[in-house]
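Letters A, B, C, D and E name the chains as they come in the text, with residue numbers starting at 1 for each one.
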Amino acid sequence: MTVTLLLQTLLAAPGTGNSGFDVGRMMAIIIAAIFVNNFVLSRFLGICPFLGVSKQLDSAIGMGSAVIFVMTLATLGSWTVYNLLLVPMGLAYLRTIAFILIIASLVQLVEMILQKFSPTLYQALGIFLPLITTNCAILGVAVLNIDEKYNLGYSLVNAIAAGIGFTLALVLMAGLRQKLELADVPPALKGKPVAFLVAGVMSIAFLGFAGLGS
Amino acid sequence: MAEMLKLGLILMLVALAAAVALGLVNSRTAPIIALQKEMEKQNAMREVAMSLSPGDSLAFDSISVEGLGNPFASVDNTLEIVRVSVPPDTSRIGYLFIAYGKGYSSTIQTMVAADLTGSVSSSAILYQQETPGLGANVAAPSKLIENYSGRSAEGILLSKDGGGIDAITGCTITSRAVTNSVREGLLAMGDAGLFRTAPVIAEEIPAHQDSCDSEEGAVVSVDGPAGEGGME
Amino acid sequence: MAKVRTFRGGTHPPGHKNLSSGQPIRRIPAPELVIVPLCQHLGAPSKPVVSRGDRILRGQEIGAQAGFISLPTHSPVNGTVKSIENVPMPHRRTGPAVLIETESEDGGQVFEPWDDFRAHSREELIERVKLAGVCGMGGASFPTYVKLSPPPGKCIDTLILNGVECEPYLTADHRLMLENPDDVILGMEMLAYALGVSDYMIGIEVNKPDAIKLMEAKGCRVLPLMVSYPQGAEKQLIDAAVGREVPAGGLPMDIGVVVQNVGTAAAVTKAVRDGEPSLRRIITVTGGGVVSPGNYDACTGTLFSRLIEESGGYSDEVVRLISGGPMMGISLYTDEVPVTKGTSGVLALTGAEARDVEEGPCIRCGKCVDACPLRLTPNLIALAAENQRWGMAEEYGALNCMACGTCSYVCPSGRYLVHYIKKAQDAIRANRGKEA
Amino acid sequence: MAKPARFELGMSPHVVSNQTTRKIMFDVVIALLPALAAATWFFGPKALFIVLISAATAVLAEYLCLKFMKRPVSFALDGSAIVTGMLLAYNLPSGVPLWLPVVGAAFAIVVGKQAFGGLGHNIVNPALLGRAFLVASFPVLMTAGWMAPEQWRYEHDNPFGTHAIAVEEMAALPEADAYSGATPLNVLKQTFDLDASAESARSQGDVAEAGILGERASSIRAALYSVSTYRNLLIGRRGGCLGETSVILLLVGGIYLVMRRVLELRLPLSYLGTVALFAWIFGGSGWFNGDPVFHVLSGGVVLGGIFMVSDMVTTPVTPRGRIIFGLGAGLITMVIRRWGGYPEGCSYSILLMNLTTPLIDRYTRPKVFGEVKNDG
Amino acid sequence: MSLVKDLTNGIYRENPIFKLALGMCPFLAVTTSVENAIGMGAAATFVLICSNFLVSLLRNLIPSKVRIPCYIVIIATFVTLVDMIMNAYVPDLHRALGIFIPLIVVNCIILGRAEGFANRHPVLNSVADAVGMGIGFTLAMILLASFRELLGNGTWLNINVLGPGYRNQPLLIAILAPGAFILLGFILGFFNILEKRRGGGQR
């Protein structure tokens, strides 16, 4: 009884008593977050790790998985705190502070838990976790979910899909950069400039997804 | 242990100071923000509703109709509608509502004024974040929304979809989003019985010639003066 | 004729074999001065055992075997040792050689001729092959006796004689099979006996139908092969002939096969039946750069210039001189280099024949990938090597490359793929050396 | 008879095949000519003009870049820039202003090719990048510049000409829309829109309206999926980008390339095959009732399949990789056609798959000779 | 002397964007117009100055173990302040900058300067550093925004520059996402060339 009530509350759109989870809308959110409004290539979120961790394919995959993981957790934490704590208490203006603290402590927690219980996973993801605290894609997804007024279900879907979209861009970028390492890039454009050009080219290609799912 | 306590205390202190500072500023800015929003909306409402009865000063009161849904509106499943009247007469001369449509890159909000027969007298884009130079052109006084005027739900459909409204070139998605959201809003209001007759071709019945009478619709609540029943 | 087989990949450069394939082998007498290199085989050079002024006999050992992978070297003439010095070699570097002033060319039967080799034990036969200094005549000049003595545990079941001669222009093996089939077949039986295998055959490409017919008529088992370069490479030949893949980094004997060139077989026959060490070989002199191409039977230590003379000298358009075939041969700046046991051809190319394209960037057409018989990605290895990314080159399999040149041949951008890959191999090996 | 003092030295192999990059590129130019003839026939001399301007700009841009970067300018004449310029022009509607190909070709060469190091180093197809750049920059010109075939010969009195897209039922569509969206795929996309409207009418209980809309959609589709449409698509009498219309003449070019051993068939076949398969699966209004023939013949997939999927610089080099590339591009093409914002997905699908090329190459590198046995 | 150095440091020599490549997301996202660039720059500069000031002031009071959390709280506080103030007084700009205002929190220029500079320097220097970094960030944004607005819309700070003919058919892509990446790529390349010229001249 309480459990159903709790579930209903959690799945509800904020501000109303309705719960709802429409598969069609979920698909639209997923497609939008991965392809149409890709975090990196269209929304400009998470550019720093996108540039910083895309030199090697392995680290790109590691970073991507870590981001998906943390995004999901951060969404869970931030959505719950915001809608079940801050809003009822009239403290919605503390959103930014609350979210950044939630994310920072979540990352700490995850790091500790991983280190203790799954050293292999920690080995794989560990070095990326501290980087993630100050990654605006994570805070971005938490804030976007509130701005879009998604209920918890949609928020989680959006978070996972955004993480996948980030990973997709990162992995493609890593492949392309490894190819470019052997290319005869003009000296003036070597390094960061050409990385931005690659991102621009990717971003143009992703325009092909425009309108998908709408 | 004492060390930990001390650290925790310092952190608490900092957080507390922050919260207090923010609370203070918030208490200053919150009313301004609310007022700002309200002013914006009032202005938009006045501008759009003017077409219902040019020259008169108007009064608004909002009603909410349960069951009129719009998945993109902030408030699920409830289409918020404002009744327009010319004071001191309390009889309505038409309605205002905001239509929400998912466009190319944003949810576009269109404010629509409809007369009692269900035909649009004017509309304006309240919010959009479409591509500048492309979809964003709907917000510039565009032929698209001007074309709604004088049409009822039936007529508000893109030519491509078999209706008579021409899309903005290269912006089918935006155009369709706006058009369909307006159409759906009107249809929903018609279904709720807010219009006096079943929607008719606008030219046949002159606008605002009738007085207030029965509202058999599923009106649930009639709020006080505009501004408190938020249309956000 | 049996089913025609082949391997996957490869290419098909124009053969140009008819320049010399109709020319019977001509025996060239030894020149007045023979320059006998002491490192005609793969492995450690033999140690000189004669000194200046010594009078020596044909077939006499002038260099002693200097290790396991090494062979003795013999004098091809009767004469006087003039000097021992470093001379330019066909592989472009210099190497030690014994210079001998020729007096005559008779004798040379230094071992006891065996009428019936089966009357002797396998070990005796292998010992004879070693003492006679026989090494592979198909390219790598690997000491043949080593190949005949597999380490314990390796079980050899198949012997393939390599009569493929897939390099364009070259016809020495072809002429040998036509003119001296009995020596080749007898040699093959001797090799089979030494290895203890009963399954042996000879692989010949179908552009030599007369050789296939002749060998078959002599009762020899022939595998006709489609014309494709580099079918003569042993891994590809084994794949084509018996459908087995030599493991990467492994040797043919790992899968129970030994491959020997037809010329090697003939040399074995000479050593066993006639008791004569390895002193001469058959060489094709050809290309548009010589007046009348031909095939010659010359003794080791004969200068290339002498062979060219025999072929009527250079034509006017000659630009490039190559030891070996056009695909794997080495270009020389001088023709004053001696014939070795491994010299299969001397090629003089005109400007029109020789490669004359500027190198462009790789356009990733994938032709090299499709053509590489070892299924490497030559374009990627080369790119990595150009950027000194040795680790990446190794990851792409640079060490497997056998330098057959197929990739460079097909590349429309004229990229020096083999060159880059070889550079990567050197760097990788050097790094390994450092680490070790 | 003279013996040179010294022979030239060179690395083995000392002989090479007679295929060169320049020959390959000019073979492609030759193979593109039949389609150019069709473009000129159907869209007038302006089409020819656009192609010439685009190719000339491409070569000039390449020359200037090479000069600026102090690289051998002879590369500008290796033919690849001409191919890029021509293919970009082939991807433009014939109604565009003449400065558009200049901007597009310059972008294609400078940003799409030279910025990454020139021939062989670019990561995506320069011509398609140029097109996508133009679509994003000038969406109205690029989506409304269609001309009806042979219109130029009928002056301006009848924008449709007598043949138009040879779909009589098109007359049922409002003139303006039909004109600006005169390509077959545009028409098909509009039937999907009609279906959607019918669906929403039905959900609102307006069954009659739904019936009418649905009827209209399927009657237009029936006209599209017909032999007379196929015939027009084959010969090129239809609206569309100027180089994509005549399937037969494109195929003539393709066969020439195959004969000259320039075109390797794995990519085109896997691409076109995948388009056909998914066209059947979801290219229609529901499931498993699409028309593969219509989908393969219309839009740019034949042009893309023969000339762009096969641009070796930006597609995988490995045999298996090429098949995977074709599969991916075919799938994305059909997804965009069916559900995306654009009527045609060919160019974006190839661009998107270009991005995956390094990954595909990496994971499909063939097993080195002898490695299989080693594992066993 | 050193105050001036601290001030100019961030403008060119250690420009947060061109040299340090920090804070890329807001940089790319809000440079669609010069107006937005200035707004974002002002907001970030304000937060930078306040947080550097406060951090420098409190640097001896806060134990190092809780340093980072305290900084985060301080920065987030100022960000929220800016958020509320902009929302109240410049609502249009607030709407245009959208989610990137709260994201100033994670902009590592700010945390980076708090941790890397204010933590070790006196108040005055810290403020100078913040002003310099803020100006550097703002100027960089104005540079990119100028290109994007001019090419993509034909205007500069909403002033019509390139004429109605151009505005009819602008290079729309410049204000779209790809335009930001590509233009920034070329700007960085241009700086590389400049740098090399200067280096070459000195040698």
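Here, a residue touches a chain if its C-beta (ideal position, glycine included) is under 8 Å from a C-beta of that chain, and two chains touch if they have at least 3 such contacts.
These figures come from a predicted structure and were not determined experimentally.
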Contacts common to chain B and chain E (chain labels): A, D
If you walk from chain to touching chain, how few steps can bring you from chain A to chain D? 1
Comparing centres built from CA atoms, which chain ends up most distant from chain E? C
Which chain's mean C-alpha position is nearest the mean C-alpha position of the whole protein set? D
Chain centres computed over CA atoms; the one at greatest distance from chain B is chain C
Interchain centroid distance [CA atoms averaged], chain B/chain D, Å: 44
Whole-Å gap separating chain A and chain C, where each centre is the average of the chain's CA atoms: 62
Averaged-CA centre spacing for the pair chain B and chain A, given as whole angstrom: 32
Any idea how many Å lie between the Cα centroids of chain B and chain C? 89
Multi-partner residues in chain A (2 or more other chains touched) are 93-94, 97, 184, 186, 189, 194, 197, 200-201, 204, 207, 210-211, 214
Do you know which chain B residues sit against two or more other chains? 15, 18, 22, 26, 30, 104, 134, 173
Multi-partner residues of chain C (at least 2 other chains): 361, 380
Touching pairs - complete list by chain label: A-B, A-C, A-D, A-E, B-D, B-E, C-D, D-E
For the complex, give me every residue of chain A touching chain B. 13, 15-16, 18, 20, 22, 25, 37, 93-94, 97, 149, 210-211, 214
Using the touch definition up top, name the residues of chain D that touch chain E in the complex. 111, 115, 133, 136-139, 141
Please give the residue numbers of chain B that touch chain E in the complex, ascending. 6-7, 10-11, 14-15, 18, 21-22, 25-26, 29-30, 32-33, 36-37, 40, 131-134
Under the touch definition given earlier, write down the residues of chain A that touch chain D in their complex. 57, 171-172, 175-176, 178-180, 183-186, 189, 194, 197-198, 200-202, 204-214
For chain B, which residues count as touching chain D in their complex? 104, 134, 157, 159-162, 166, 169-170, 173, 176, 180, 187
